[in-house]
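Structures for review follow.
After this come two complexes, each holding subunit A, first together with subunit B and then together with subunit C.
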Partner chain A sequence: MSDIRFEGWLHRSGTGGVYQDSAGNVGIASTQPQTRLDIGNGGFQVGPTGIATVTTVNTTNLVNATQLSHRNIIINGAMEVAQRGTSSTSSGYQTVDRFRHSGTGWDAALTQAQGSVSSGTTPYTEGFRKTFKLTNGNQSSGAGAGDQLSMSYIIEDQDLATSGWNYLSETSYVTLSFWFKSSVNQTFYVVLESKDGTSRQYSFAITPTGADTWTKVTHTIKGNSGLQFSNDNGEGIEIYFLLFYGTNQTTSGHTLNTWKTTSASDQAPDMTSTWFTTNSATFELTGMQLEVGSEVTPFEHRQFGDEMARCKRYYNKVFDAEGQSGEKPASLAVYETNSALTTIFNFPKMRVVPSLDITNGTNKFMVRSNSVSDHFDTMSLRYGTTQTAEIVASSGVSGTAGYGGYLRSADTDVYIAFSAEL
Partner chain B sequence: MNITSAKYCINLDTNENQSIKATIDGVEMFVPISEGNTHYDEIMRQVNAGTLTITAASN
Partner chain C sequence: MAKYKLLAHDGKTVAILQKEGLPPNTSRSFPLDEGNTDYQDYLAWVAEGNTAEAAD
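And then the complex of A and B:
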């Protein structure tokens, strides 16, 4: 059978048959084709870039070029998990797991918090309830050339090396998407910085659609032959959201949307300082997803427990009195001479041998043994692996060596945690 | 990472340094003497840069 080509089809009304409009769109059983190919008034549509929109797909086998689950390389991108707390005036990792704020040169501390998405907003209707939120302090001396303020997230090296992104190729892509909201309507910059080998940076601009208005950002990033990611537990890429970088770190001629060798003095275009110099200005972020491929897909919502388990590789609060008064069980303990010690198991294994983050205050803990209770202030790290830690109270205890006992909290704010953050 | 103090903690059994008690971003941490731990690496970076001193342990 030879090929058939229809040209100069006659116009007809109705919804049946095959129909090509004057723009070249073809419809089958469609009143008016809305895309390059439109079957059944939108039931199946193919757009000019080859993207198909289908109402329902019934299939025996579905083969996809990108993975269908575990697409999002970002952990806790919906900002649901906040093991350390929900508000802090310190920088670093203090609230939402895996996200931090950092910088230098500010006059007044900023407040970082796990914020809430208001009902009725578009992020809310898409299932987002929490944000990573920064509230500015009063930067009374204004913006300086050396001042820096950013929020950031660090991806572990092996999570990039094994992601499926052929990062050395300029025809292989990852796509970053997120929602953000700023009380100040100005342009900010996002910078991706690779950490292995010769560090490289990629920057792009984001501008909200208005003050205090949620804006969805989607940005596709191509690979580069200079990128390097080891298959290990080190730092891979840090994604910065620059709220303000002074001119010591920026240039007016900075080139956006391309990888280049990292330069401390050329990380972004010169920035307006409006947000930085506005007391109580806010910036919120949620729904952050980095996925392999050139097309954005809907955010991969994960259950709270799944996300919590992922976070625990980097920070694990193994005991929390959760605000409850009275003695609460923490662990088993055993006395040695002038000390009481216990072993704690971290599940899952942590990224590296972790630091101990533990309450320190008068009589915060107690060990009960041989019908006697000893109160003490805190414990320290003795030995550690990625899975186990031996912690010891070496002052304030006076039990008999060789006796076992119970380690308990003795106040409402007691916690024991381990940090192996990047 | 803002580190405002660092002091070795001693293992009473072996009399060797077992960890570093440090205040990092306002939070007191017991940092293992272990490369790869971000806190330890940053402490040593600042020590090598001459901007931080680790105080000896007190028995």
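And then the complex of A and C:
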């Protein structure tokens, strides 16, 4: 059978029809098709890789391989929840829930904060209002070979094991997307590190489109037969944003965009130290999403209360004086000899039996019982489960054993929190 | 001064108090739970040959 060669089949009226250009693109009611298939000048397009772009879909039944909700494996990816506070010069988990900064070799502490997205920027118009922000200190001795500075997020093992990602297969993917902004225009690296079994790392480069310019990153990552994620509450993958790693941790010949066995001395290509050696340099992150599949979808915005509930599995501030002066109710208390104790319930259940993080300062708390008030400085954990904790004040109290009473805060900055972070 | 102090009740160690490496005006105490990352840090510290302060 011979080929039929044509450039266009027109209706006999001379309008509308089917068109084909020399590249093989076919248009229906599109005289200049822009993709492999173009109907109505962009109303429905199918590109060379089979991806369809449709203006509107009206359907009775929609079967979607990508789940429509709960796509984002990252908790608090919009950086809205910050139970611990909004600014700190300490490292670790101190501000935005589930995100931390860590490292070594600094001359001056960095400031981590819950930053704000400025109105008028593209992240703002997409619904993002908060960031996880790092501001550099004055690293006066420069960048050393052993220096490290990163922001990171740890995914719980079972959230990967049950995500639907067939992580052992190189034809199964997850896609990581986020917005970032840096006051220094340089290349940074993102490293995913698996924790179970033989640890593996996957690294890729990110470069902003300009200094202090929000840049959207989308990166698809394939599975690997060496990955292992247990269906438990341990560490699954830690996602690092490397702001600076010295040459003790990097190599010039590092291979990006592939999984390999973790090597402490080969975690990324050698890095420029410009950001690290720039006093008050800033780096901000928001809109972080990790989803199963090879295509990025719009960020899954969740309500504040939903995100807060997810965060409380890892950190739960059960009492916060919220800056209010005067005595505020914290809990019921019972006296033992020379100590006052109380039981606190955590909702939801926490990941593991948590640590107690609590205010410590002169006369921050009081317990009132039998018409007597005792002021004391702090409390400590005695017994705990994933849902309950018995905490005790064993210094500064003098009540009579067997009496009940009220535990109250006695200052504006008093808090009681439980941490079961990864 | 040791970084950690044992907390006891009825003659048994029930929790551990962290005394260093904390934000200002903060007290941290944690359980003997192997999934707790503070306890994991404590065990690593002990493995380096350190000893916590005894309980009162």
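Everything below uses one rule, namely that the second predicted complex is superposed on the first by the 403 of 422 C-alpha atoms of A that agree within 3 Å, B and C clash if a C-alpha of one lies under 4 Å from a C-alpha of the other, contacts with A are read in each partner's own complex, and residues count from 1 in each chain.
The criterion applied here is as follows: a residue touches a chain if its C-beta (ideal position, glycine included) is under 8 Å from a C-beta of that chain, and two chains touch if they have at least 3 such contacts.
A quick note: this is a predicted structure, and the numbers were derived from the prediction, not measured.
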Partner chain in contact with A:S90 - subunit B first, subunit C second, else both or neither: both
Which of subunit B and subunit C A:G42 touches, first, second, both or neither: neither
Which superposed partner A:D413 touches (first subunit B, second subunit C, both, neither): second
Contacts of A:N338 with subunit B and subunit C, given as first, second, both or neither: first
Which of subunit B and subunit C A:L422 touches, first, second, both or neither: both
Contacts of A:G137 with subunit B and subunit C, given as first, second, both or neither: neither
Touched partner set for A:G361, first subunit B, second subunit C, both or neither: second
Set of subunit A residues, in rising order, touched by both subunit B and subunit C: 88, 90, 94, 233-234, 352-358, 360, 380-384, 394, 419-422
Footprint of subunit B on subunit A - complex, ascending: 88, 90-94, 102, 233-234, 336, 338-339, 352-358, 360, 380-384, 391, 394, 419-422
Interface residues, subunit B side, partner subunit A - complex: 1-2, 9, 11-13, 18-19, 21, 24-32, 34, 36-40
Subunit C contact footprint on subunit A (complex, rising order): 88, 90, 94, 233-234, 351-361, 378-384, 394, 413, 419-422
Parts of subunit C lying in touch with subunit A, wherever the complex brings them together: 7, 9, 14-15, 17, 23, 25-31, 33, 35-38, 56
